[in-house]
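To keep things clear, I will list the structure first and then write my remarks on it.
Chains: A, B, C and D, in written order; residue numbering restarts at 1 for each.
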Amino acid sequence: MSKYKHIQEAAYHANMQLPKLGLVLFTFGNVSAADRELGVFAIKPSGVPYDELSADKMVIVDFDGKTVKGKLRPSSDTLTHAVLYRHWEKIGGIVHTHSTYATAWAQSQRDIPIFGTTHADHNTVDIPCAPPMNDEMIQGDYEYQTGFQIMNALQNKGLSYEEVEMVLVGNHAPFTWGKTPEKAVYNSAVLEAVAQMAYLTEQIRKDAPRLQDSLIKKHFERKHGPDSYYGQQ
Amino acid sequence: MSKYKHIQEAAYHANMQLPKLGLVLFTFGNVSAADRELGVFAIKPSGVPYDELSADKMVIVDFDGKTVKGKLRPSSDTLTHAVLYRHWEKIGGIVHTHSTYATAWAQSQRDIPIFGTTHADHNTVDIPCAPPMNDEMIQGDYEYQTGFQIMNALQNKGLSYEEVEMVLVGNHAPFTWGKTPEKAVYNSAVLEAVAQMAYLTEQIRKDAPRLQDSLIKKHFERKHGPDSYYGQQ
Amino acid sequence: MSKYKHIQEAAYHANMQLPKLGLVLFTFGNVSAADRELGVFAIKPSGVPYDELSADKMVIVDFDGKTVKGKLRPSSDTLTHAVLYRHWEKIGGIVHTHSTYATAWAQSQRDIPIFGTTHADHNTVDIPCAPPMNDEMIQGDYEYQTGFQIMNALQNKGLSYEEVEMVLVGNHAPFTWGKTPEKAVYNSAVLEAVAQMAYLTEQIRKDAPRLQDSLIKKHFERKHGPDSYYGQQ
Amino acid sequence: MSKYKHIQEAAYHANMQLPKLGLVLFTFGNVSAADRELGVFAIKPSGVPYDELSADKMVIVDFDGKTVKGKLRPSSDTLTHAVLYRHWEKIGGIVHTHSTYATAWAQSQRDIPIFGTTHADHNTVDIPCAPPMNDEMIQGDYEYQTGFQIMNALQNKGLSYEEVEMVLVGNHAPFTWGKTPEKAVYNSAVLEAVAQMAYLTEQIRKDAPRLQDSLIKKHFERKHGPDSYYGQQ
């Protein structure tokens, strides 16, 4: 039995969640699952329909983006995943989708303002939108540069990838991550819901105010602080 | 057999309606069911996925918010439920969701205007939005204060909880209630539909007029007046 | 066997289409089916959930609105149906819903402009919105007056109920009709689709132009003129 | 066995994808599948509900629009398909729908701006909207002229049907095509998703910028250029 089977299974099951959650059309998305000890991740093969996927079709790739095992070509976004795994040592899963509302915000090149507690339960800040790359970066190693574009977007705003697990890439679409691929998929669904609510909020009231700081802090700590009391332990 | 089984069953079945009605993503919602004679209510455990719920996992809590029976931690919103049950003697069920359109209105901190008969069939007034709490209340016992925030919002507008069974909490999300948990769930679905229609109405016509008083009265009395003629009996 | 069985069956099956087509929440809608020779129609009982309906629960009512057969109370909108059957001799089915987009236009008290061929395939004019009733009419026999409000809306614009099979009642919601209950249900679904497209069209372009006359005529005649060539025969 | 069976099967299966993808209400759409050697195409019969379709009901028509085989009347849009097959020698399938968002853009008579990579993955230009026909063309052979209207819209902008496989017909609705009917259906679903995202993008930011040229080129070539690396092979 392959020593990669556990991450292939994890990546497969996480990928299959995307169409169930309404986050992808056709093959417009991918999830990867990393094994830190082996220094590799399993990722969806490129352009294969969801109903033809299976765990053993997940491609094994190292953190430089080189295929270690697998007959199929890995997702065209593989280098972006590799860069993030290489630099962010505590993440175990990454998701990329073109989900409708999050992508509309990305195309608008705007951060998603924090308007309510649904947002604050997961993030204490506006969801950052990385600016589009300059022409040179695009003409270079595009997917590799996308990884750096994401890291810079957080760094420029003084944000940690351990606290903010989602980003929009300007003109493109969202990326999310987490300690596990399941958590990264969860974050993609949360981001889409928050993106839709923020859109509606501005439609209903053009000058809707951002959430007050005390409420941001309260809701986030309910779920994530040292004295959190959401969930079971 | 437990003496709480009937409210555990009621709370379980009402909770399971939320995902079916499209009112919750993941675990972002909760329903409770009260027994007035026993002075307790059954409520969803915190953060447990809907497909792992069962009636016997519902936690029994008294009207001070203390757990009476159950191994799991109750919903993080339990104190809000407790305050409302303590003060509103005729309600038997409470629902909290982050449903999309109602939450967008809450984030906008606006009452939902009464634009049509779909609204008037259930309410004779704009659906009130409680203002966000001040910092002191938030830093105090937050969920407890949320209960008072809801009660004050009705009281300040001279509304009775027996007539208006739904409210938005500013920057947060909706709460609904009723004589039974089923009725409270019904109210959550009605609120979401009314919130969507009111949003669209303002998009289609920025200065859409509120419903005239005679029509408000007529529709509400069709369903709820002493000579009501909607439904069977 | 009851002599009303055929219209009870027809009304039952047509009512069951409404939730399948996404046109109703809970019991917010009703369909009736008329037999012109017997001078009666079968209509949904009031407030009964769709999954508890059966053909033999459909109530038989005459064109004055009096129940002829049935133990349950008929829909609260029964008098509106009766008025329309009484005056419009060629219709065999009527539908009332609170479908989302059509109701938003009704709440806006605006006719739905004819923007494209999807609309023109079914109607050569803007879909009329009847103005809200005056207070006297509302305080009188409300549902009875709603029937006249609908008839007047068409008459005031010189429209025939045989050509325009759908209307919005201002502040309220849509009614549709047709030679059969199936056609009336079909019209409700078409109205909802046209209402959504018209809403989006104005959002995308505030001054979107109405359809030119030659195209209106062409599309309607493709489906409905003497030389129609849509469908089989 | 009929020599047309392969295109009847292909057209049937492609037609059945339309309701599954949420692109049609009732019978408001059609797909055809061509055999270049036989000089014919199979197309959906007019006005037949999707659940009554079968492969052998697909009508065989030549590139002049004359029925070669089949008892049912072909789609009322058959002449538009015939004109496009006649002039565009490399296409094997055509789809027409009234999908919600694409139709709203068509009714607005606007090209869909290229705002992001979801669009650029499939097209390097704004999705063109053909202007409505003049009265003379409409009163003439309408569906035949629609074919020329589509061809002219591409030609006037210097676009090739091999690169741009989708168009909006002003005031009407979208048409898409491709080397196979499956590809044409795929394009219809992509167009609807891109149309929704572009609508939302403008709502979120009125002056949202078009995608920069370098990114347009990069994304399209990832999927379609000589060195494409999306998909398997």
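Everything below uses one rule, namely that a residue touches a chain if its C-beta (ideal position, glycine included) is under 8 Å from a C-beta of that chain, and two chains touch if they have at least 3 such contacts.
The shown structure was predicted, so the numbers you read here are calculated from the model rather than taken from an experiment.
S.K.: Same or different interface residues for chain C and chain D, judged by whether over half of the residue numbers are used by both?
M.R.: The interface is built from different residue numbers on each side, given that under half of them are used by both copies.
S.K.: Go ahead and note the Å separation of the Cα centroids belonging to chain C and chain D.
M.R.: 33
S.K.: Can you give the whole-Å distance between the Cα centres of chain A and chain C?
M.R.: Computed value for the inter-centroid distance: 46 Å.
S.K.: Provide the list of chain C residues touching at least two other chains, using ranges where the numbers run on.
M.R.: Counting only residues that touch two or more other chains, chain C contributes 203.
S.K.: Looking at which chains touch which, would you call it a line, ring, star, complete or other?
M.R.: Per interface graph, the chains form a ring.
S.K.: Okay, in this complex, where on chain A does chain D touch?
M.R.: 25-26, 28, 45-48, 72-73, 76, 98, 100-101, 103-110, 132-133, 135, 138-139, 142, 171-173, 199, 202-203
S.K.: Over in the complex, which chain A residues touch chain B? Could you list them?
M.R.: 115-118, 186, 189-190, 193, 196-198, 200-201, 203-205, 208-209, 211-212, 214-215, 218, 222, 229-233
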